[in-house]
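Consider the two complexes below, in which chain A is the common component and chain B and chain C are the respective partners.
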Partner chain A sequence: MNVAITPAMLGQVVVSGILAGALYAMVALGLALIFGVMRVINIAHGPLLMLGAYTTFFIYQALGLNPYLTVPITMLVLFILGALLQRTLVYRVVDAPELSSLLLTFGISIALVNLAQLAFTSNLRTVEYVTGSYTLGPLAFSKSRLIAFVVAAALAGLVFLFLQRTRLGKAIRATSQSREVAMVCGVDVQRIHRITFGIAAALAGAGGALVSVIVAIQPEMGQIWTFKSFLVIVLGGAGNYPGALLGGVLLGLVEQLASLFLTTQLSEAVAYILLVLILLVRPTGLLGGRQT
Partner chain B sequence: MARPVLEVERLCKSFGGVAAVDRVSLALEPGRIYGLIGPNGSGKTTLFNCITGIERRDVGSTRFNGVRIDGLKPYEIARQGIGRTFQLIRVFPELTALENLLVVTRGSLAGAEARALELLRFVKLDGLKHEYAGNLSYGQQKLVEFVRVLMRDPSLILLDEPAAGVNRTLLNDLLEAVRRLRDDGKTVLLVEHDMKVVMGLCETVFVLDHGEKIAEGPPGVIQADERVIEAYFGR
Partner chain C sequence: MTPRGTFRLGLVVLVAALAVYPAVGTGYGLRAVLQIFMWIALAASWNLISGLTGYVSFGHVAFFGAGAYTGAILITRAGWSWPTAALAGGLAACVVALVIGYPCLRLKGPYFAIAMLGLNEVLRALVSYFEGLTGGGNGISLPTLEATVPVYYAMGLAAAAVTLLTYLVITSRFGLRLMTIREDEVAAEAMGIDTARHKLYAFLLSAAGPGIVGALAARDQGYIEPISVFPLATTITMIVMVLFGGKGTVWGPVLGAVVLFVSQELVWARFPYLHQLLFGSIIVAVVLLMPRGVLGVLQQRYHLPRTI
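So, the complex of A and B:
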């Protein structure tokens, strides 16, 4: 660790951090939506991302389709799966004490991982499509990460527009602010919950599709994403959607900076230390939690 | 007697063995204003919750225009044309005043927006339509909640303490609006603690005590009813 840190290295780290951050933010936005609307922390969020990665892999393998073109298909598949999970299982714990929903989604998470192992084996799979990087002066932009950044940022932006502008989006926001009043206004809250879970799963699926081009696919790749998404929404303030975006970018930056200044083993721990620190110092998140 | 808009028959709801609503029956005719009074904890809000489907009744039935609605989901009851406000104001604080109204979907989006703007103008809040409801004053939030109920043009309107925490001017506006709704043929049932409001506005008053209906009649008669006086002041 005697290498001098040059401005170029620092710039590179910032670039990499922001590129990774958008992906974190988009995936975490799904977790934030479910938490905001239903007060459920979905431990199975990461395994849904894993299923998204497999969906892309199999479509790519069978049809040779450009993996980025599979994103909409993967999102649709995961939307349906998410809505089904809500309809069959998760709706039972929406009003239950938090421990019930944690246990249920933890159970779903274990089931999904094991089913994936059974169905797909634990062999590592890869989608080798784009490799290499673009260079701009001293900075290098990994192609696959750059594309992931663009797609993730676009999808997160679309979800925001959807929430702000559309009727369904308003109904989702209304339901998250007061379920009882939404009902009295004629909103079918159960349906809104299914759609919310579907969108969240679709975002995780999109994350999986984008990640499949970057890292190897295996059944246990997802759990770390549950943790990272959780950290992102704690950073940004639980249920605060813009906060999730900020939290994602922040996590990307912190991870990259840590890898520059610390040993590999220590930098792996930085995210965890950050979580503990935030919970100690500012448990409502950097932007504060929801007002209601 | 015209066919009742709402018929509640022997409705019961208890929480952990305590009867919050106990065999309550009442019938509301169209185009009239009804009052629902009673001491704290007498079951007024629970009755509202049972009618709107937020609480599921234990026994008994509710008919809306002759059709059973007990057992329907709250959103289905709302879509049939029963609107309500809550005792403590319930706006969606992080939605704008306009968006608060647009949560109520009915017809096309353009139609809904036109109606929402018309209603906001009606209560002189059109200048604040893009303001978050959480930033509005108490009275303004109350008005937003009130006109949100009108979005669907309901034939039955349940108001939970419309006068609470409202200044004179606003109160008069609200009461005037309620009368106008009545003149349009709508039925209003309101829970209210302010006796002046109840006596001045309602044509028929129901009195609840410990979940039971103990009296029903015109305000003048109710005021003199011994059981009512006893329920409020004790023996």
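So, the complex of A and C:
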């Protein structure tokens, strides 16, 4: 590509990368929670994000509500859906071999995407609420992405606080460290699993709500998020929740940098190559091992 | 005659019937059987890695696409004949498998599954990007050639070869080691099995079939483009066929491919989304209710040998 790269463009890349990174980190946090507590990789995580985006779209369309005010509602809807999925299907494969949980959540993912195709059609939907951007010197801050950054960072921070400070959060961390010992201490592990899955789905839903203002909504928008969330977890180190934040920002930066030199489509390939390289060189993630 | 003798006789009769079918069959029938061959080869290949080692490949269609593009490029640019181009397609798929499998299969856990989840999209993006070689979104048109009957035989050979390979693997020490990895990887290591290497070998074997079949399908259809050779739906169909028939068995993928392809042709092709929804539900239902698949249940109930 014959494009001269100016410092301003690089600065823009850093800004856009960090803005995207918080969103990645928040969505990935959900996947990391389920994996940490149940050792289940939820392939349906991305499709749950898609359902969150549709929830926000329909509330916005029906009530004309500010899409950012729909975030709590969308999170509640997705929390209930997630807890239901855990209660009806996923709880049966928590102790099964990995193959079972991967295939089960893969099946759920396909079913959700095609239910959405049937119910909502594959027409592109958009929530046009905030457009344009703030400028600061040579840098542009897209308004919708800036708000998404703030909300995502706040929600991720809240989840951290919840895990660290509350009794329920402690029970979740205890379950992820040792289910048997948690059980002995009187923790209702099944309930903790339902709540964890619910929180994870709610985080995906919040991601969907924020994304719906930025890009067009369609049933197949979600799957790539499962992959990206996992990439964020691998970058940060599996089971290392603060690492997820670093991983998210790193993924955002790499993608933005790649799209500066290559096409947007190929920036996904660059993210993929990053995953393979990390697995090759440092499979425990950049911050290393499992710290819950 | 012993049951085993009857089974073998039936197999010989079936193969003979399929071999003479092009002489008597209709054009539509020929195409349908050709497609069934293709699905048998694809499903049986997926079974080799995921059914035997328990490592789930969510992107097996990537090998199909890699083979299709390799074959099409060699035929159009280098003037290769399609049978050699098909073998080269298989080889290309193995190279891709080596690049992905080496870093991911050294690790235990879900890394491999997730890496495969992204592989398909990445190959599609790469193929679209390198327009000079692949024609980008315009795809590649292959020179016209009336080769349905030869491709029929080649596809049949591929299906038979992968099924035979599965039989040979399952009855060998190598296969027993793979199944040990599936049941308990730590125990397998403790017994001295080089698990990383065994998983990688199984993965390479499972990539060759889709590569060859992809190149054959490209020759058969005469035109390929990124969307047509990298559909996620193909991976889903492979997985459903194996799970339904019975994963880790020799004939499960064959059974699954025949039953699901026929029902798909008769009923479901008319309702694409409902069809995919059904496939998703089948995966969920089989995992929860019948993890061994139809053949696994029959094996258990009638005490059939493991090689059925």
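Everything that follows uses one rule, which is that the second predicted complex is superposed on the first by the 286 of 292 C-alpha atoms of A that agree within 3 Å, B and C clash if a C-alpha of one lies under 4 Å from a C-alpha of the other, contacts with A are read in each partner's own complex, and residues count from 1 in each chain.
The criterion applied here is as follows: contacts are C-beta pairs under 8 Å (C-beta built on N, C-alpha and C of every residue); 3 or more make two chains touch, one makes a residue touch a chain.
Please read these numbers as outputs of a predicted model, since none were measured by experiment.
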Chain B versus chain C as contact partner of A:Gln12, first or second or both or neither: neither
Partner chain(s) touched by A:Ser133 [first = chain B, second = chain C, both, neither]: neither
First (chain B), second (chain C), both or neither touched by A:Glu98: second
Contacts of A:Arg173 with chain B and chain C, given as first, second, both or neither: first
Which partner, chain B or chain C, touches more chain A residues: C
First, second, both or neither for A:Asp188, with chain B first and chain C second: first
Interfacial residue positions of chain C with respect to chain A in the complex: 50, 54-56, 58, 99-100, 102-104, 106-107, 109-111, 113-115, 117-119, 121-122, 125-126, 128-129, 182, 232, 236, 239, 243, 273-274, 276-277, 279-284, 287-288, 291
Touch list for chain B against partner chain A, complex: 52-54, 73-75, 78-79, 83-84, 86, 90-95, 99-100, 102-106, 109, 134, 148, 151-152
Residues of chain A touching chain C in the complex: 35, 41, 43, 89, 92-93, 97-100, 102-104, 106-115, 117-118, 223-224, 226-227, 230-231, 234, 262-263, 265-266, 268-269, 272-273, 275-277, 279-280, 283
Chain A residues touching chain B - in the complex, by the definition given at the top: 167, 170-171, 173-174, 177-178, 180-190, 290-292
